[in-house]
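So, here come the structures, one by one.
The following pair of complexes shares a single chain, subunit A, combined with subunit B in the former and subunit C in the latter.
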Partner chain A sequence: MNINTIVSLSVNGIAMGMIYALMAMGLILLIRAIGVMNFAQGDLLMFGAFVTCALTVDLKLPLWIMIPLALISFAVIGVIFMFTVYWPLKDATYPTATVISTMGAAMALKEIATLIWGSLPRSMPPLMKNPKTGKAAVLNLFGIKLQWQFVLTIIVGAVLIWLVFVLFEKLYAGRMMQAAAQDKYAAELLGIPTILTTAATYIIVVIMVSTGGYMIAPIFMVSNTLGSLQLRAFAGVVIGGLGNIKGAIIGSLIIGLVESFSTIQFSQYKDAVVFIVLIAMLLVRPQGLFGEKVADKA
Partner chain B sequence: MEKRMKIKPSTLLIFLAAAIFVIVIPNTNEGYSMMIVNLGLIYAIATYGVSVMLGMGGQLSFATVSFMGVGAYITANLCSGRNGINMNTALALVIALLASALLAFGAGLILFRLKGTYFTFATIGLVQVSWSFYLSYKPLFGGPDGISNISTLNLFGFSPKNYNDWFYILAAFVLVIAFLVERVRRSQLGRSLAAIRDNEIAAQTLGINVYMTKVVAFTIAGVLAAVAGSLYAMHSQFVSSDMFTYERATTYIIMAMLGGVNNTAGIFVGSVLVTMLPEWLRFMQQYLQLIYGIGVILLMVFMPMGLAGLASGFAKSLKRKLYSKKKVTAGKEGPKQ
Partner chain C sequence: MLKITDLHAYYGPIEALKGINVHVEAGKITCLIGSNGAGKTTLLNAISGTIKRTGSIIVEGKGEIIDKHSRFIARRGIIHVPEGRHIFPGLTVRENLETGTVNWHGFFGRQPYDKELKEVYKLFPRLEERKNQLGWSLSGGEQQMLAIGRAMMARPAVLMLDEPSMGLAPLVVQELFEKIVEINKQQGIPILLVEQNARLALEISHYAYIIDGGSVKLEGSSSELKNDPRVIEAYLGKFAKKN
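Up next is the complex of A and B:
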């Protein structure tokens, strides 16, 4: 194994890790804001990939129209998702009910995608094309060949994650959302419209996840099986630590790297390697990489 | 003392319905439709495991399919003559049961170092690991082709010849397991689990060993899943990895939620219904999954306690109407032991 393969495998791994990080971050935002695990996270990613694929391939829109249109449709999907899957259940007596309803939503999303766009996998052109051959462009970095799509995925993922951090740390709207997440009742007393902050959380989460779908669409085919990627994001969340966003991002990147490097030796058992790492991690540090051991409060 | 002997009308009704089910179904079905009913019964056994974990203990676990796989593949290896072993099937069932109990206990010890949501995520990890081994490791699991030619069950000389014979055997299994689960619910273990479900810290202050109670519940769930897997292998005489995917795991949870997650009779109804629905709705095959998905959301919105919750609510309002002029009865459901 030479330096060439190591670098290109790391870039692939970090790119996939970014996708998992986007999903994992969305998961934690939802868990913190409304305390619900979203099992439809992967299927929202799948749906995002299908929507952008329809906009670019079927309607042949140029990028500068496509991106705002896609963002608007992601926001609409987020609001619809919130009002169908979460809102009717927010006062449910049985907490697992909300989780199960996201599983139902996952199935429904998968089927809606199949009914609209058919069950055959669709191919999506890469963002950067080689003008001569028309194939995916390759970045030549000191003799190491890297696919532009992977590099762009890393950049887009990092920018999105940075934007969310800015929102929550610096902006007034983000502080309102954090307050609503920490104590809904007190936030309402202070006049914060919690329905709007919850909707905003859903919109942010769906935009993050669907953009992830858009970035990986050229790497994988666009098909309704993309939803299974969410399982890696779950693993990233557990490795990172309980409810810790930074931990979840680093955990997801680790998962991406492990997955990428395990293809050298055991490509058949790629999944098993990823999750064995997870279980080994649980044995050594059950609270996760960045989690602190906190006693429960009554 | 007399009060103890009193049988509740609802229990009587459930036994009556079960008797009608066992008499009517095998006389009106055969062949393929009987096989579907049988599969429903097998899934019911695994779903009882979900009920012990989720209904009694409030722990959402996806590991059902992993242990179903353990049961199924142990049976498949011991009873298909693959490696020159062709064991008595009843013995293989017992071996599958013991092995899965050990494995589930070990896995429970590891997984319950996590709590709540993070435990659920870790069980998904377990499902992925076990599934990729079932799919790819040829020597033990037959790889993508699966394992075929598994001998059918042989219980002390009685061996089912068709799906109708199988029905009676499976019905007996379900009845025994339902009875055991109902006993567990009323035992110290069941009450400890209910305490953990309602408030973990309060349970701890009452002197319940929360960790070990959860591990024992996980072991019971694993064993029930393995029994279901073992019976599935003998019933279908074929096992392959697509029975043990993450998607299948969600189906068992939905079965439990449809019937009523903490209700022994409800679990059975839920499993059979979810198995039969695709057959009944065959004419709109194209929209089946969509209806199913939306149905799950509506189910959670309107009756989170499932059909059993609906039935008990109906019974309560009926009772109130009937007895409204007589004395007000104390307690919810009459005397309990």
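Up next is the complex of A and C:
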């Protein structure tokens, strides 16, 4: 194994890890805000890939119109998702009801995508093309060849994650959202509009996840099986420690790298390798790499 | 300041408040006394709009609030410090205080709140010492100070305190109640106090209501009620007179 392979496998791994990290971060934001594990996360990613594919391939929109249009539709999907999947069940006496409802939403999204765009996988052109050949552009870094799509995925993922961190940690509105997530009753008493903070959380999560779908669409084919990628995000969340965003991001990157490097030896078994790492982690350190930020006080 | 007339509240089919009349006077401390399950906390929740209720709640100069959502009630300056403190565990002390400003500040507002912050720190110097500590790591007394401090950030027109002494050591309770009196005296903020420790509540309040079974059983000035044989019998214990 030479340095070329190591670097290109790392870049591929980190790029995939970024996609998992976007999903994992969204999972934790939702767990914090409404206390529910979202099993439709992968299918939201799939849906985002289809939407952007339709905008780019079917409508042939240029990038500068496509991006704002895509963001608006992601936000609308987020709000619809909230008011159909979560809102009717928010006062349910049986808390698992909402979790089941997200599983139903996953199936519904898959079927809607099939109804609109058919069941055949569609191909999506890469963001940067080689002007001569029309194929995916390659970045030549000191003789190491890297696909631009992977490099861009890393950049877009990192920027999105950074933006969400800034929103939650630095902005007044972000702290109100954190407060509402931590104690809805107290937030209501202070006058924090909790319906707005919940909707904002859904919009942010769907934008993150769907943008992930947009970035990997050229790498995979766009098909309704993309949703299965969410298992990697779950693994990332568990490795990082449930409830810790930084941990989930690092866990997801680890999953991406493990997956990428396992293709050298056993490319067919890369899924198995990922979950062996997960099981090993659960055996050795069940609380994850990073524990909970807020401990229960006795 | 706050005039409550014929207030009913329900938990499902159960009527928890059966037509309560309470008047919180401007600049005064009004207290609600009663045993467990009498409806004191329910009354505060009904005022702050977190449960279903009918009747009339009029805020002086700001009108009827019975049909309003809790968010709008908070915006009118009716600030409820709930039982069990309910501070935000994952935010620092300073961030917890910051959340108190949302009712006059708006969700995206950027007005300064240094003046409010300084006043709260002056009232509770302990909070300034611990301003970068996370909420959950505070002691019970500090959490209660933080909950009251957070309410003070909201520029309250009326402050409603639910069981501020719960689970605290007697010395801490003493200190806390001195601060409550200070808030009332120096800033003239009317306070509606719910308290199980009847003696302490009657000591610092001006007017008191005894609540039982979801309705007002007795009311009067606190100094009168302190010596009322029925109150002594039921809430203060028979040795109360010696104090």
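Here is the rule we use: the second predicted complex is superposed on the first by the 291 of 298 C-alpha atoms of A that agree within 3 Å, B and C clash if a C-alpha of one lies under 4 Å from a C-alpha of the other, contacts with A are read in each partner's own complex, and residues count from 1 in each chain.
One rule holds in what follows: a contact is a pair of C-beta atoms (placed from the backbone, for glycine too) under 8 Å apart; a residue touches a chain by one contact, two chains touch by 3 or more.
In this text the structure is predicted, and so the values were computed from the model without any measurement.
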item: Subunit B versus subunit C as contact partner of A:14, first or second or both or neither; value: neither
item: Contacts of A:231 with subunit B and subunit C, given as first, second, both or neither; value: first
item: Partner chain(s) touched by A:51 [first = subunit B, second = subunit C, both, neither]; value: neither
item: Contacts of A:269 with subunit B and subunit C, given as first, second, both or neither; value: first
item: Partner chain in contact with A:172 - subunit B first, subunit C second, else both or neither; value: second
item: Touching partner for A:187 - first (subunit B), second (subunit C), both, neither; value: second
item: More subunit A residues in contact [subunit B versus subunit C]; value: B
item: Which of subunit B and subunit C A:29 touches, first, second, both or neither; value: neither
item: Subunit C-contacting residues of subunit A that also contact subunit B; value: 296-297
item: Residues of subunit A that touch subunit C when the two form their complex; value: 172-173, 175-176, 178-179, 182-183, 185-193, 196, 293-297
item: Residues of subunit B defined as touching subunit A within the complex; value: 54, 58, 60, 110-111, 113-114, 117-118, 120-122, 124-126, 128-129, 131-133, 136, 199-202, 246, 250, 253-254, 257, 261, 286-287, 289-290, 292-297, 299-301, 304-305
item: Residue ranges of subunit C touching subunit A (in the complex, touch as defined); value: 48, 50, 70-75, 79-80, 82, 86-91, 95-96, 98-100, 102-103, 105, 107-110, 134, 136-137, 150, 154
item: Footprint of subunit B on subunit A - complex, ascending; value: 31, 37, 39, 84-85, 88-89, 92-94, 96-101, 103-112, 114-115, 228, 231, 234-235, 237-238, 242, 268-272, 274-276, 278-279, 282-283, 286, 288, 296-298
